[in-house]
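What follows is a set of notes on a single structure, which appears directly below.
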Amino acid sequence: MCPLEFLPGSIHQDDEPFVANSNHKAIESLFLDLDKDKSGYIKKRQVSNYLRQKGFSREDQRFTEVFHFLDNPQTSPEIDLKQFTKIVEGNFTFKKAVNGNLIIPNFTSFIKDLKSIFQDSRSNVSGQVAEYIPQLKRVDPDQFGLSICSIDGQRFGCGDNEVPLCIQSLCKPINYCMVLEDLGDEVVHRYVGHEPSGKSYNELTLTDHGIPHNPMVNAGGIMCCSLLQPKLSESDRFDHVINMWKKLSGGSWVGFNNAVYLSERKSADRNFALGYFMREKNAFPPDTELIRVLEFYFQCCSIQTTVNSLSIVAATLANRGVCPITCDKILDAHTVKNCLSLMSSCGMYNYSGEFAFRIGLPAKSGVSGAIMIVIPNIMGICVWSPRLDHNGNSVRGLEFCKRLVQLYNFHNYDTMIIGSSSMTDVNSE
Amino acid sequence: MCPLEFLPGSIHQDDEPFVANSNHKAIESLFLDLDKDKSGYIKKRQVSNYLRQKGFSREDQRFTEVFHFLDNPQTSPEIDLKQFTKIVEGNFTFKKAVNGNLIIPNFTSFIKDLKSIFQDSRSNVSGQVAEYIPQLKRVDPDQFGLSICSIDGQRFGCGDNEVPLCIQSLCKPINYCMVLEDLGDEVVHRYVGHEPSGKSYNELTLTDHGIPHNPMVNAGGIMCCSLLQPKLSESDRFDHVINMWKKLSGGSWVGFNNAVYLSERKSADRNFALGYFMREKNAFPPDTELIRVLEFYFQCCSIQTTVNSLSIVAATLANRGVCPITCDKILDAHTVKNCLSLMSSCGMYNYSGEFAFRIGLPAKSGVSGAIMIVIPNIMGICVWSPRLDHNGNSVRGLEFCKRLVQLYNFHNYDTMIIGSSSMTDVNSE
Amino acid sequence: MCPLEFLPGSIHQDDEPFVANSNHKAIESLFLDLDKDKSGYIKKRQVSNYLRQKGFSREDQRFTEVFHFLDNPQTSPEIDLKQFTKIVEGNFTFKKAVNGNLIIPNFTSFIKDLKSIFQDSRSNVSGQVAEYIPQLKRVDPDQFGLSICSIDGQRFGCGDNEVPLCIQSLCKPINYCMVLEDLGDEVVHRYVGHEPSGKSYNELTLTDHGIPHNPMVNAGGIMCCSLLQPKLSESDRFDHVINMWKKLSGGSWVGFNNAVYLSERKSADRNFALGYFMREKNAFPPDTELIRVLEFYFQCCSIQTTVNSLSIVAATLANRGVCPITCDKILDAHTVKNCLSLMSSCGMYNYSGEFAFRIGLPAKSGVSGAIMIVIPNIMGICVWSPRLDHNGNSVRGLEFCKRLVQLYNFHNYDTMIIGSSSMTDVNSE
Amino acid sequence: MCPLEFLPGSIHQDDEPFVANSNHKAIESLFLDLDKDKSGYIKKRQVSNYLRQKGFSREDQRFTEVFHFLDNPQTSPEIDLKQFTKIVEGNFTFKKAVNGNLIIPNFTSFIKDLKSIFQDSRSNVSGQVAEYIPQLKRVDPDQFGLSICSIDGQRFGCGDNEVPLCIQSLCKPINYCMVLEDLGDEVVHRYVGHEPSGKSYNELTLTDHGIPHNPMVNAGGIMCCSLLQPKLSESDRFDHVINMWKKLSGGSWVGFNNAVYLSERKSADRNFALGYFMREKNAFPPDTELIRVLEFYFQCCSIQTTVNSLSIVAATLANRGVCPITCDKILDAHTVKNCLSLMSSCGMYNYSGEFAFRIGLPAKSGVSGAIMIVIPNIMGICVWSPRLDHNGNSVRGLEFCKRLVQLYNFHNYDTMIIGSSSMTDVNSE
């Protein structure tokens, strides 16, 4: 969560005595905790370890200065309470951590659980890698990566979380957000519905009104591409999308896999069929150039990023459109609301209904084996492993999701079982 | 909300000084407020008015004693602070109200908004009364009733909220809950799916596994009837259902419309077709007697109740299975979780997808024109008007829902727009 | 072919000198042929053998008298030309045979081919016996019977051609003929279409007009039952059908398998579903009593007859509605035209299209493994073997049909390849 | 019918005394008929009139010489019996006419009936011109043309029978014939089925085996184009098709409408969708270049010809692949058999089933409003009028067909009602 409610300058204002007091108490208490030998000094290394345990690293730009100081070998390796207080007070997120106000206060324990779930899920080696293009077929099927990012920017990743992968269908929710911001939901939903299709994701069907069922199926993904800045040049339009991905992932690297693009375009018979079918039904806006739209769609699918970055994207959605890492407002909250609503009912292909029932979280699956999961107001998750089940969802990804909601009360309707449940609440220390 | 967390005896325990203090302050403050002429006395009528404004009435069994005292003409019409404190302290819900802890603290203002929405919705006279049986066709199409019940048992009703009506499809979520409690969700969902069907509610289709898509379509409703206490005699089984409805509605009157039952049974060609179709697919449990099951299903549809009572049923679901009026635990929280999950994706016939997107609340619609809406952890609503749109949902009922979520942040994903929204939060004073 | 064009009395009229002359020459020529030792006498046994070779037997009522004389041991075993001439001249069909005017002049050679095809088809033992009722499941799967009857009443049967079997779906074309005769095709086709359904025979689908696709699928069969003499009592109505079958099969025995009826009725979930589905769509005529109609339909399916008898039924259809054995006009030629038209496009379940293409003959298949094939103006065939392919057609029956049209030019469009073909023409000596 | 059975030289052979005698009698009898004033001479004009009445004209190359002589103003206007005999004897078809052996002996009377049916059909002005491309939309909707050509080359045309029109879907049966001749039916039907589709002609559906239902729907038409001489260059391949049309229509003019081609290509979204859909299903042969195939298909649809020419094409099909005008064998009889079989079940779009039932003739309909009807072994018919019904068939064309089979026994199963019918037999004088 970013300090949106406060003006940046207000954080250290003197007229917040109560908070200040509370801070001081908590800071002192933490200092005494770390100062095991009661020397009046703690090691800077202890402080950076504390931050890492809370999910923050040197790469986090919010902590650049802090880590710069802590890791500086040229200054004293120890600090006293006054110095410590100054550091904490000077950093909004640090202060939040010290006060126990992070969305995941007990991050260490949560990560321990995550690792355990991750390991348990690894043993599921069923499923098949997607084979419709050589680039997907050639991938090492055993890769498995996980990353999470809380709305306070607490991060954790393991496994193949830094391997570049193509976003494929994960482009759909983001493109949908972009057209919502451009045109408003009233206009967008003249061209694409908001109903689960009851059919396979690439089925040649439209609603009774002759439009795609929702933005999360292929037909809807193509439609959103036709709505996305149609007046920009092809290169500017693609840059526009790439920039959005960069912003959503807190400035992470975002690439493009041209081999995948060329293969996708070549193997895209079903998508061409869908495109022509929709054009024949006059489903597109006037002046749509179908081939250009399809190529744009394949380009979007061929954007490359990593599991780590995708968890930040998911966290931005979880955080109402504000990137937890940069605190930049990327998407309007209404846009995110609509997107999560449709991800929760239509994001997991033919398994969407059962996913909504069993997992109860907005999520989007891609044919590369990535699943992006949003836990509203808590965190974003990305889990990736290439082997898919017959619905086209990552086998290990689903396994992970199932185990996660068994342990934590993240299901949309787990509000119903709070108190009467043995489930863990991530937001309690 | 009921005081489940507390042992009944603990409420007045002396070792809760802080709460007690807080109570005393709030009680005194309210007393001073009411004592406009600073006489040291307030009228008992003022107290009962206060309770009515908070949504409590003499019919509420939790306030029987309180109102008995307040309305007793044989005692003094005025009370002092000590008497007032004693009354408040002696009643858990009264104390909650005085402390501003009711789930809808500013009930008066909320009711004012509701009335306004209700009146605005009345002007929508489009749609057609269901005509497939004479009993539905004959109904006065202009009837319109609304009732709400908060999880603290705060109630309000207006319009035709006391007219007896048949529950029709509203029996489906409750029967589903009952079989979940009997058999567990693993067993139940061997016989009925959890996917939106993408088809009309009475369509002759089953999932690829040969079972009904979900418990909210006719096929699924029939299936749940086949699972519901199949070993009981017909009369005992029906009594069992009636008792559940009584308990869910806090002990309200629950009737049966035999004329509707006979008509339903006679006009049930589609349901007979569905039943035989499922039997042919071996969808039913072994030893299912199809005709008996269908007759039981028609009987469930013919149960009679009122808009007022249905709002309590909805409130029981909103309150995790505990009836807010009686504080009895009627359904397990896990049962309610599953039921709300499916109501939110499948409860509004063919409009379910759009309802989930636009309204974002678990709801169930019936052909009589009733819609039962659950706002989890806040309240239950029932709105009823016989004219239906082409999807079979009450026109005015939908109108009401749309206007409600425009004004209040009840949408499932309105958590996404809190803070950035102009919407009202019912839970803030 | 029956001598419909002639008045019975005209056959021996003296003022037909040309025909008479021709007869005399042919009779004398045959006599000389048989009289190998030029004794002026031939054995009566030789004459009866000749008739048997042409396809006529003692059981054929048209030859009762002739065989009575020939087989009489009390008269001389030999006859002279004058006696022979008298016998031939006294019997219209005998005369036709002698003159080489039978529709299958070289019957011996045709039967030789048939036997060979029959033996070759026997080796196909693939497929499965129908199993949905025990009576069908229990049948000896290896049974295999064949019978043919030409429009001149020339008959041949082999294998299990006298085993009683249930007609099942073979009731459909005959019931359709009966309602056509009662109501005319304009009225009948208000209730049932004339389009191949493109679906499985028992699929739950109706045309866009809400009626069954054609009278050869289950829905259409049920519909025809609803149209068939609805005002008769149940017993009279069934007698009416039984009598039709007796007449169509030249007075053969026609039975009823009550065990099959009871099983069919009990296992008829799909048919009940179809019935209720149609009733819900208002597809039936007013005042239709659905259960009565369905029971009547199951009764029709449970009628028992033999392969031999069914070949006569088929021959009656091939002979424009006139039974070749009795020369009675049973059905109007227009009725038969309509029936054959629909048998040719819809009679073989899902294989109908390919059957029309490859075999090109009107035919009707039943789940008992019988296929009734009509070669218009030539003959009727029945072939029966219980093992069915996945379309529900007898494997050996189809095998037989394929081999038959490879050898003989019976395909509807074989008129296209006459002259340019190596195929045999059954109608040339 | 062409004298295929005879060697050309054999016609006048002296050793056919019986035929010769018969000829002489018939020739003499006709001569005496024409020689009304018993002068021993008849006018050459009378002879050419006689031929015209039989359906032969100066344009018929078989009669070039005959008409050249008869119309030559430089010779005597009269001829005697000897000259007449020489003329008749010298021309196979003339001789056939004189002997009463033409397939339509009483041509005058038949034409009178045709004209009457044509006029009656004209009054039906319902329906709408196809509008999906401007070239079709712009056409004069009231145009109406009819032409017939018997298997003896007897011809008649009226109305707009010489207006150039695009063949559109009429290319399908001919392309199917061409691939059958190239590859054999076994290979062809690996790629395209022989089942009525039960769906609209341009529906996005394939059979369970993933191939088009039959060669007469769009998907099947595209598939046949992919099979048609795929190794030829684009221009050679198109020439190949044009040449086939020329040969089938007896050397008539065959053109190409480039404006229609360009429009079709531009408006072909559904066909592109079908093409990509099939490619995605691996329905095409290896190495198929989809765009080239589609363009070839649109080119075939844009071939231009006239109602007159189309009647000759139909007559060539009716005559087992031999063009009645040129006596050239264009297609193998087996090819024609297969083509007629599928035209009879699938040629009239969604009306195919009812057309087979009511009209009972192989036919193919095109979106330009042309219907090509084949009466096997009798004649070919083309009727054209642009207004279409909701199935896409010419309204007046269907009207004409219905009236024709009411009067003449052309229905496939009218063999069933010969003798018992009041219908006319075109083959009796």
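Order of writing sets the labels: A, B, C and D. Residues in every chain begin at 1.
Convention: a contact is a pair of C-beta atoms (placed from the backbone, for glycine too) under 8 Å apart; a residue touches a chain by one contact, two chains touch by 3 or more.
Small disclaimer: the values here were computed from a predicted structure and weren't measured.
Here the chain-to-chain distance from subunit A to subunit C, counted in touching steps, is 2. When you average the Cα atoms of each chain and compare centres, the chain farthest from subunit C turns out to be A.
For this pair, subunit A with subunit D, the centres built from the Cα atoms lie 66 Å apart. Between subunit C and subunit D the centroid-to-centroid distance comes to 36 Å (mean Cα coordinates, whole Å). Viewed as a network of touching protein chains, the structure reduces to one closed ring of chains, two contacts apiece. Residues of subunit C that touch subunit B in their complex: 204, 269-270, 272-277, 279-280.
Partner subunit D is touched in their complex by these residues of subunit C: 4-5, 193-199, 214, 320, 332-334, 336-338, 340-342, 344-345, 352-354, 356-358, 360, 376-377, 411-417, 419-421.
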